[in-house]
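Below: the structure, in structure tokens.
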Amino acid sequence: MSILVNKETRVVVQGITGREGAFHTEQMIEYGTNVVAGVTPGKGGGWAVRNVPIFDTVREAVDATGADTSIIYVPARFAPDAILEAADAGVGLIVCITEGIPALDMLKVRAYLDRVGVRLIGPNCPGLITPGETKVGIMPGHIHTRGSVGVVSRSGTLTYEVVYALTVRGIGQSTAVGIGGDPINGTDFVDVLRMFEHDPETRQVVMIGEIGGTDEEKAADFIAQHMTKPVTAFVAGQTAPPGKRMGHAGAIISGGKGTAADKMAALTGAGVRVARHPGEIAEMVAALA
Amino acid sequence: MSILVNKETRVVVQGITGREGAFHTEQMIEYGTNVVAGVTPGKGGGWAVRNVPIFDTVREAVDATGADTSIIYVPARFAPDAILEAADAGVGLIVCITEGIPALDMLKVRAYLDRVGVRLIGPNCPGLITPGETKVGIMPGHIHTRGSVGVVSRSGTLTYEVVYALTVRGIGQSTAVGIGGDPINGTDFVDVLRMFEHDPETRQVVMIGEIGGTDEEKAADFIAQHMTKPVTAFVAGQTAPPGKRMGHAGAIISGGKGTAADKMAALTGAGVRVARHPGEIAEMVAALA
Amino acid sequence: MKLQEFQSKRIFAQYGVPIPDGDVATTPAEARVVAGRLGGTVAVKSQVLVGGRGKAGGIKLAKSPAEAEAAAGRILGMNIKGMIVKKVLVDAAADLHKELYLGMVIDRGRRRVTVMASSEGGVDIEEVAARTPEKIIQVAVDPCIGLKEYQTRDLAMGVGLPREQWAQFAAICQGLYDAFMESDATLAEINPLVVQRDGKLLAVDGKMVLDDSALYRHPDLAAMRDEDEETPEERTARLNGLSYVKLDGQIGCMVNGAGLAMATMDITKFYGGAPANFLDIGGGAKADKVAAALRIILTDPHVNAVLFNIFGGITRCDEVARGILQALGEAPTNVPMVVRLVGTNDIEGRAILKKAKMMTAETLMEAAQMAVAAAQHAA
Amino acid sequence: MKLQEFQSKRIFAQYGVPIPDGDVATTPAEARVVAGRLGGTVAVKSQVLVGGRGKAGGIKLAKSPAEAEAAAGRILGMNIKGMIVKKVLVDAAADLHKELYLGMVIDRGRRRVTVMASSEGGVDIEEVAARTPEKIIQVAVDPCIGLKEYQTRDLAMGVGLPREQWAQFAAICQGLYDAFMESDATLAEINPLVVQRDGKLLAVDGKMVLDDSALYRHPDLAAMRDEDEETPEERTARLNGLSYVKLDGQIGCMVNGAGLAMATMDITKFYGGAPANFLDIGGGAKADKVAAALRIILTDPHVNAVLFNIFGGITRCDEVARGILQALGEAPTNVPMVVRLVGTNDIEGRAILKKAKMMTAETLMEAAQMAVAAAQHAA
């Protein structure tokens, strides 16, 4: 078992003929992902890398190949349209890698997705992976290993760092989900924690937060009330000053809210083991494994 | 029993200090309606006709008086705002009498109401009445009498005509609902038919349609599949030419669709007794009573 | 409110939709000047708010300014389905390769704006809908999100446009949608949307219907109302706040409420009569308004009987009676009248009318039968 | 991107928000001219993108053109929290009766634009939020519906505005909301929104923060960027596509990925060091970009050690290594450097660095400890 994606997942790549789309399609297929179709408007009827058929629209791709999950690599100004197109074409899961989508665009897109009931991971995220089964994202596949730790994170490379440390210690992952670093996104910590709580394979969870917003505080509430599985957390940005955007659009301490200290306190209060630095995470997980 | 409104219904009147609002508030109170509050922004703290307290906002009115139903008499350009205000203030039923709200405004308002789950009757409707209990509308109360016939209609005075004919024959009504003559409204025939089907007091239903749109056809489908109670119908506009708007914004035969003949055929096909002219309706109902 | 072709296309052009170069002329000499400026072949098109202008001879091609002048001379003053042509649009002729249809309406069933496109342009789209509905591609627009490019791609593919034209088509769809939304339209249509031999798309004909209820926020559009396109009666009715539609029959009808008005017409027909009009005096009409309504009805020379059907609620029957007498006092007539008054102040109303020796009826059925009989007797 | 007060207010004014008459001056003489034109008392206000200008002496009232000139002379050139004042705004002074707060932000928790108003204007709103949160009235705007008048009424009542001012206040709310939405802002604020003695409302101070991701569709707003408000390093970083924030410590950090960069700073601090900056080179950086990043770090005279932490995915470790050597080749330095490379092409990367005799580490913990030790040794 795993959450969200597994070896049955049939992936359509939106923006498959772009540089990033093509590169990561190859990487995904190499990892074993079942990439069944690509979409690039105006290039339908052709073939992308690894002989993946290209369609002009997501609907055609879904109709022809039974794709149930979309991954989006199109540039930011076209990405909201791509997300909506995927939602209307009937895929159940959309993973948007694209960075730099305007927040007001995402506000409308998220409201629409909530209305039609389609799940979005991201945007501005590395995607997700169920080790040994499928990778729907841009993370380096080989650092993962199959096991029982669920990982959910707002960052990209910091997740790789933590996953790598787990793998090196022989601790495998059930699914690792990058929910992205934007202020308005499709899926938050609570959504993923709930799925891990219900996933029989997952025995414990690592949650990697960062400064900005109140997502970690909401997660703490959820953990205190609903989680039976142990959670280990880290919150990046303890040294970040207020008012400065730390790379991610969402990583900013504004109005005195969203500090790492607040988040760490909330998580500790919810019974979560909170690492002081990323090097401690794998140790703490190992102690429970 | 009855549907939507009864003697427990607590009504707030939006636009209570306007000419129409004041007049009909008196009429409603005279009929026995429990009008608990009025709203006119800027006149809060004062008293309207019959000593109904005035509030500046619907929220204040609801908080102070426990109003659960709103009736709206404000001019068309302020009516969409009034509907949304009522929805956000937590009333469960909104009755909008106002005529002439732009269709694109109603498109957005209806989408919002569907999202938050608040029922709207109208706009451009006479409202609804549960005879002997409460009148939330502008119909002449005295022509109604309590009984077991549910009435639902797209028109105003034509409904009075039919109700009057029923009353004259000694046939009473459970609830009479005017859903309004606009192309985009809050409640359609099917919604009301479903309620009548589930209302123990209602034993048969009169449905008064008119040309334009496909609401009557949808009602026919619903009746064929889900209604056990007999339905008698009339469709106004058999002599209306295509392309001409017959008074109501919604009463127009466009693109060859929405003719009375089509609607009458659909209803007949669904087992509905269809009157050829309004004078026949009461006779047909009497034959079943 | 319907807009003329030239008005619709000018609005579309403001939103980036390509339209032919051209101008309006009200005299043959003006048409010649416009054709001279445009050069080459022009289309001379009558500007009237009815369909089937082409079949009626209201659209002609002209290869020179002299031909354009002659064509305008034949078209101006023409009577097309009762409308006298007072303006022509002189447009540069399109280099026609293919004709598409593109339109959008407020879709009541879906409660959305629906955009429709078809490869069968240039003909009556309702015929296409009836004959080959599969040739009309539709997408519904979410009111929160607006028309999205992928939806225009679905339309472009559906009508068989080659890829090179998708971007042009998307821009036209978006322009038409923005024009629709920002003008509070209920219909906006380009038919035909021509694909020219050079691959460029061009909106050769345009049509727009605006939501009357929203005109208050578009004074610029409201000012476009073409008064020549209303009959004097329609104009009087509109200015008096009456809802009036002229029909071909002999029995004038005056009713309060649209549904009741239609039902009154229906029952008149049922008893063998033919309604001369739809006329809704609305709720709470005063005597003046009733008098104006009666004057409008009596203007129609075919009317040989009048049926009043008033169900008083807000409307007071005595006011209606006074209005009737007021109109008759100003302009006496021999046309027989049947009055049925029920509801608020009906007793007072009937008493007023009794003095004037008008026929009164208790029920609508009676009233209709009496009116039909009176009309037959008068004929 | 933050806008200056005068820029924000000019945008607000385009949407009908009343602002004081005034103009920008870059010299005392200009300030005198503006004050002369305005007449009466003026406020001379430093235009710098930091809070607390008033307390720092960056805002002065002047009763005459001469006083305005003198005030501008004192303010221009002032250093306020590291920013040199190069412009002042000379505004007609408001006839202050009451000060309100009105602002809007993208509310992450609600996923809505939230509008906030308070009767406690003119002071730091975050202090109000901390001290008396009940004095901040909030309404959330549905993205499909927009800000509605009844919501502005809730705000007006919440801040205790008398009825006569509700319409004015509603118009200002609507104007600010439209400015917010159409500029793709993440924050728009009027503080104080002054109620004048004559009852008129006036936006005396204004602030706007725009969404950097949306600037591509607002070239006019993007052009408002005040280059003087960026340090040369920040500017170089931005133009190179690097995400860079200068801090007060001694250990320069270069990392790929924002989360990993913050975590690297955190672990540095954990082991007793102090990060000199946040620097994210992003994904797939080439040698040139890495070299530019290193040059920026070394520009800071406080840096006495550099920590590289690269987890190669799309980013290739050999490219990073080449970039480091390129920068060092151009400008040799004695600052000690610790490099930790893991992931794509890490072996090649480490081999390149070995030649350059740089310290390398296996884990982030090791690397952080080595960097802290090197910095302490250098200090």
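Chains here go by letter, A, B, C and D, matching the order in which they are written, and residues are numbered from 1 within each.
Assume a contact is a pair of C-beta atoms (placed from the backbone, for glycine too) under 8 Å apart; a residue touches a chain by one contact, two chains touch by 3 or more.
In this text, all values refer to a predicted model and were calculated from it rather than measured experimentally.
Asks: As a teaching exercise, work out the groups of chains that remain connected by touching when subunit C is ignored.
Replies: one piece
Asks: Name the chain whose C-alpha centroid is most distant from the C-alpha centroid of subunit A.
Replies: So the farthest one, by centre of C-alpha atoms, is C.
Asks: Indicate the whole-number Å distance between the mean C-alpha point of subunit C and the mean C-alpha point of subunit D.
Replies: Here the centre of subunit D sits 56 Å away from the centre of subunit C.
Asks: In whole angstrom, what separates the CA-based centres of subunit A and subunit B?
Replies: 49
Asks: Which residues of subunit A are in contact with two or more other chains?
Replies: In subunit A, residues 108, 111 touch at least two other chains, as defined above.
Asks: Quick one: which residues in subunit C touch 2 or more of the other chains?
Replies: Those would be 143-144.
Asks: Would you identify the shape of the chain contact graph, picking one of line, ring, star, complete or other?
Replies: Chain contacts: none of line, ring, star or complete; other.
Asks: On the basis of the stated criterion, which chains touch which? Give every pair.
Replies: A-C, A-D, B-C, B-D, C-D
Asks: Applying the document's contact rule, which stretches of subunit A touch subunit C when the two form their complex?
Replies: Contact set of subunit A toward subunit C: 41-42, 56-59, 78, 81-82, 84-85, 88, 108, 111-112.
Asks: So in the complex, which bits of subunit C are touching subunit A?
Replies: Result: residues 142, 144-145, 148-150, 153-154, 157, 163, 166 of subunit C touch subunit A.
Asks: Looking at the complex, which residues from subunit C come into contact with subunit B?
Replies: Result: residues 106, 108-109, 111-113, 125-126, 129-130, 143-144, 181, 184, 186, 211-214, 216-217, 243, 245, 247, 255-263, 265-270, 275, 278, 280, 283, 311-314, 342-344, 363-365, 368 of subunit C touch subunit B.
Asks: With touch defined as at the start, can you tell me which subunit A residues reach subunit D in the complex?
Replies: 23, 76-77, 100-105, 107-108, 110-111, 138-140, 143, 153-161, 164, 181, 183-184, 208, 210-215, 218, 234, 236-241, 244-251, 255-256, 260, 276-279
Asks: Across the complex, what residues on subunit D touch subunit C?
Replies: 143-144
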